[in-house]
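Sharing a structure here in structure tokens format.
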Amino acid sequence: MTPLGVGLIGTGYMGKCHALAWNSVAPVFGDVERPRLAVLAEASQELAEKKARELGFEQATGDWRSLVTDPAVDVVSITTPNAFHPDMAIAALEAGKHVWCEKPMATKLTDAERMLAAARASGKVAALGYNYIQNPVVRLIRRLLDEGRIGEVNHVRLEMDEDFMADPEELFYWKSEATSGHGALDDFGVHALSLVWTLFGGVRRVCSHMAKPYADRPLREGGRRAVETYDIATTLIELENGASGVIALNRSAWGRKGRIFVQLFGSKGTVVYDQERMNEVQLYTTDGPKEIQGFRTILTAPHHPPYDKFIPAPGHGLGFNELKIIECRQLIGRIRGEAATLIEFEDGIRIERTVDAIARSAHAGQWVDVATDQGKRAA
Amino acid sequence: MTPLGVGLIGTGYMGKCHALAWNSVAPVFGDVERPRLAVLAEASQELAEKKARELGFEQATGDWRSLVTDPAVDVVSITTPNAFHPDMAIAALEAGKHVWCEKPMATKLTDAERMLAAARASGKVAALGYNYIQNPVVRLIRRLLDEGRIGEVNHVRLEMDEDFMADPEELFYWKSEATSGHGALDDFGVHALSLVWTLFGGVRRVCSHMAKPYADRPLREGGRRAVETYDIATTLIELENGASGVIALNRSAWGRKGRIFVQLFGSKGTVVYDQERMNEVQLYTTDGPKEIQGFRTILTAPHHPPYDKFIPAPGHGLGFNELKIIECRQLIGRIRGEAATLIEFEDGIRIERTVDAIARSAHAGQWVDVATDQGKRAA
Amino acid sequence: MTPLGVGLIGTGYMGKCHALAWNSVAPVFGDVERPRLAVLAEASQELAEKKARELGFEQATGDWRSLVTDPAVDVVSITTPNAFHPDMAIAALEAGKHVWCEKPMATKLTDAERMLAAARASGKVAALGYNYIQNPVVRLIRRLLDEGRIGEVNHVRLEMDEDFMADPEELFYWKSEATSGHGALDDFGVHALSLVWTLFGGVRRVCSHMAKPYADRPLREGGRRAVETYDIATTLIELENGASGVIALNRSAWGRKGRIFVQLFGSKGTVVYDQERMNEVQLYTTDGPKEIQGFRTILTAPHHPPYDKFIPAPGHGLGFNELKIIECRQLIGRIRGEAATLIEFEDGIRIERTVDAIARSAHAGQWVDVATDQGKRAA
Amino acid sequence: MTPLGVGLIGTGYMGKCHALAWNSVAPVFGDVERPRLAVLAEASQELAEKKARELGFEQATGDWRSLVTDPAVDVVSITTPNAFHPDMAIAALEAGKHVWCEKPMATKLTDAERMLAAARASGKVAALGYNYIQNPVVRLIRRLLDEGRIGEVNHVRLEMDEDFMADPEELFYWKSEATSGHGALDDFGVHALSLVWTLFGGVRRVCSHMAKPYADRPLREGGRRAVETYDIATTLIELENGASGVIALNRSAWGRKGRIFVQLFGSKGTVVYDQERMNEVQLYTTDGPKEIQGFRTILTAPHHPPYDKFIPAPGHGLGFNELKIIECRQLIGRIRGEAATLIEFEDGIRIERTVDAIARSAHAGQWVDVATDQGKRAA
């Protein structure tokens, strides 16, 4: 098999993360051809060249459109701000490239639907960057659920909290502008939804409350500007499988850095997980004598694949960036035609529709059903 | 001052807890007269006598009505099932006794309003058994809030979870009957509301979802009976002070035994508390260099009063029962005319109205305003 | 059975703790006669009277010798500084009273041996105040060991750390004087040894290192005085059962308040326990599939007796003072002739001899065998 | 600067870890030339070729001697079993190559001394693979110590525990043979010593106890064979700076997977760290009001370099393998002549001498001084 040619658009947080994943996937897994880091696109030729040097790409361009049509490119990593995703993903798909696009799909649902249509039309793989679902711990949780270790899950709670917007005196910037989206909900809440999707499938209906902890923020030039987005979003949910739950998001949560706290309550046990301690999961089951029942803390280990591809000893710990390497391996497998754990546009649209329903619910102050694509699929 | 004469009705979980508190309050605090354990009432004379012997009461009766009018009794501890609270409390108040009634006030809001009216008419102290607010840790939290250590609180999350209803194959009993109340909400959720009240004051409006994890439960005589109460209640809230939040209750939460998990997010920090580790509180502040910021775990100590009345060394830990001793001391102080931390009927009614609003919200599937007593007070 | 008459000598930290225990043992357990709080002795008549009022004793005396011979007294609680223990305990035993003496027995091994002789001669119960062993968690650990849940224990680590001597600028006081004993070793390290004794039996030999974190401390009158005791003691041990281990003690350990951290490694699992979270124990076993093995945190519950005597609900937590109530119940049982979990002088002398061996080892810088009482018993 | 040519000997646990580090160091740090993965050596040509393909090396050889003299190789990664280190490292150094050798240096102190001599003679960089000291958390601890945040450290405790030898019924293999070394001490205890060295410098004297939890182990062919190495080693230490402490090692510690638990007690605070939660450190200081003092849990973040080279967001977590990338960057810097955090042979020999002293102490049952190289340096 000839190596995949990779095109990378964007070199911010996630751009570097993609680059590192493409760079490491072959030696980590040992069962895939080393991808060719073909072209890197950035806002300017100069920046692109600098980054290409640093990240090991062969060519650099200041024009992403030339990248998506470059014959050396088989798959395009899209890691630019969300508003750019639709144009780039659609262009890449139309040029016959596979796409690996960071979450969320788009800032508007209609754009996301267009992206899905392009993916369907292209027949190419169109995957989203929901890396948290790649954590071996999440795979383990799925396995625990499948095995019935905690019985039937009837209630779920997910919290996702960070504090990058927690300081009320930090200058107003684009994340507080309405054009950036709803706020915590689409900025990072989609990660929580990706976990719900991966573990349980669809959300049936939602009732949300979104809040602004700070009415305004200072401007560099003096004065203050009203905040337009919601740093807090708290949502009651009903899953399609009948379970109830809540998703609580807060990007102004002092002290929380990368917390995704998940509590899954079942008829025979409970699973608890915190992304800030991403190499652990807690499990309570009703097995054995009552006197010794308790939440056990399971440390990741080689028997939690694909941890074994990284480290042969248990309890030594993977890092956040390494989840992207796993995601990359899944993507390559998917392109090869293997079964893969990935959220592709077909599934990602479900998350986007849930986001849309949550936002509408919050504005209307009432329960809203999440749209299904029955009609669209039929169309 | 002559010692208070105590009448105790009920000797279950909370009855014993009251008895132990009355028994220990004097030697623990050293500044109050030892109360006289005068009369104990139980369902039968025989049981009453057995329990009086065990718990150290002078007299025993199978008729609570004789207790509430007994001249030896100054204050009546009411620890019977909730449905009995209104009659007993009102009778005691009308007999000119102080009342210490376990939470919640009643199973119906109208009954609770009648209790409040009786308390107002009597001029006696009418306090409720919301012992969690007596934890020195909760006092510390209040002090942290007052001192502005975490700035202005803009978002709160409270969870209260136990697992005494978690087994779907446990026999149907009265807690699954509608006559017992709504379910988790009034069964124990009022404790969470008592913390909200103590720390922040009133709740303005609510939007709730209540769920039954198990549709039915087995009957002793065979077959199964449909469950009528809600083991799960999840509620979006807006506080009167403007903060948003969520209260999540689950009495079918496997592995949770006495969890009351509280997260308070402010403009300058965060407070986190878990009743299962009731001698700790976590605090994050933005003081000092970023490099060393983190949640600190504060252990209770003599400088967190009234811990010092129990133990002169830090970090040695109070127990659940000891919170009741603190509550008892507050009650005695209140009867003496001192300032006290207590939820009296005047305040307790606010919790009852919030419960009522939550239940109505869940049934209506929409936001409901919590009633205020402006009108009633005017009336 | 007529109620036991109690005499209490000393009303400091442990004196109050004894008083509270004697006061609560009957209502908590419900199966013993309420003891009569007969006489309280303090350094002066005035102080004794004040404390008797607070703690509920009938009579007060400034002369402990009159207390130990008072016919109203059946059992004497000795809670004075360690140097007073021998005279008081011996006098009480010689007067035909049962003795409940706070740990350690004495500041010198020879005194402890005299106390043991007096106990043997008297035929009375002579128990020591090693309350940590009364924690339901410790009982659970013993049961886990007996059931073989972690196989054969081959290695143990115990740490006991507090920070009441951690500030180098705190004034010199008697705990830094050689007359007070060795330092951390006998000041509180005996608690760690009491756990070793309770769980495993005797220590065969020891090799210790004692250290002074601060060479001198300030005097109130100016200048500084050399510290004579050792705030730190770290000891390699070999148990009589063949297991190896270490006991690390530090009373200058900033941030540690009541930590007793115990790690027990066995051939089939591990037990971990921290007194600062005294209502939890961690257990790792090799049962079940590897993928879900992990340390489980067991919360105390009614099925961990005698927790049930305090609270009928799990996970609500006992406090430090309540361990003394359990100890008191054991003592009453022992006086009644029941089997009891108690460290009596017969066993306590083993701890004292271990302390003596550790101190000698530290001074000699070499391994020292712990004396056994074979010879003495033979004598 | 022309890229470094890398030769890798060995492709086990650490071999792959080195390969991944060489592969990622350039894109992660962005400030070094991408090394050229020139030659890989394994036990056979066939295995070497397979691994070269997987790990991305240009050439493969079954003869490590040809690798160390290959002109394409500038630096040799040695990751073979410890017994091979001396010959390989000396040969590489004599061939004028830089050496990056996994810890420990050798199985015998005399061999390690020969390695040091070769390094000195060569003038090349000779570094050891002590990756735990590269954790940003350890760098932070060093900074906290340098800044005096916990005052003067007077007592240290280190524990290193895993459970790969915990099953007594696992077949006898080479780690239980005396030829493999002492046991836990040199197998992994050197990591604990590397932390001591990095944070505090040298160890002055030691007193150790080594134990065999299991006397024998089963043989594949039936019967059992006596265990010759010590899975447990517990050592009292005195540091050159005067602090006392203990190092406890156990490779039969059920449930511990990669635990390195470090407690550093100072005159103004305490630092606690556990490698199983390698992205956290706990700090207690005496700053601020007593009421809010407590151990704070600091999560790694971009302000803890070089975390920032991996992830721009705090609390997202590095993994074990990523420590090797940091070590690799340090090594490249050192080769370039920059200051570097590395344990080179000059320092590593101090660890080897400490190991030697510990082993001698355990066998002699007494305190042993750690040899210094004054004489040798003079020679």
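Labels A, B, C and D are assigned to the chains in the order they are written; within every chain, residues are numbered from 1.
Basically, a residue touches a chain if its C-beta (ideal position, glycine included) is under 8 Å from a C-beta of that chain, and two chains touch if they have at least 3 such contacts.
In this text, all values refer to a predicted model and were calculated from it rather than measured experimentally.
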Partner chains that subunit A and subunit B have in common: C, D
Reference subunit C; chain at largest CA-centroid distance: A
Centroid spacing, where centroids are CA-atom means, of subunit A and subunit C in whole angstrom: 54
Subunit A and subunit D, separation of their C-alpha mean positions in angstrom: 35
Residues of subunit D whose C-beta touches two or more other chains: 256, 293-295, 299, 301
Chain contact topology (line, ring, star, complete or other): complete
Touching residues on subunit A, where the partner in the complex is subunit C: 140, 143-144, 149, 282-283, 287-288, 290-299, 301, 303-304
Contact footprint of subunit B on subunit A as seen in their complex: 150-151, 154-155, 157, 159, 166-168, 207, 209, 211, 213-214, 232, 234, 236, 238, 244-246, 248, 250, 252-256, 265-270, 284-286, 293-295, 365-367
Partner subunit B, residues of subunit C touching it in the complex: 13, 16-17, 19-20, 23-24, 26-28, 30-31, 34, 54-56, 162, 164, 256-259, 276-279, 299, 301, 310-322
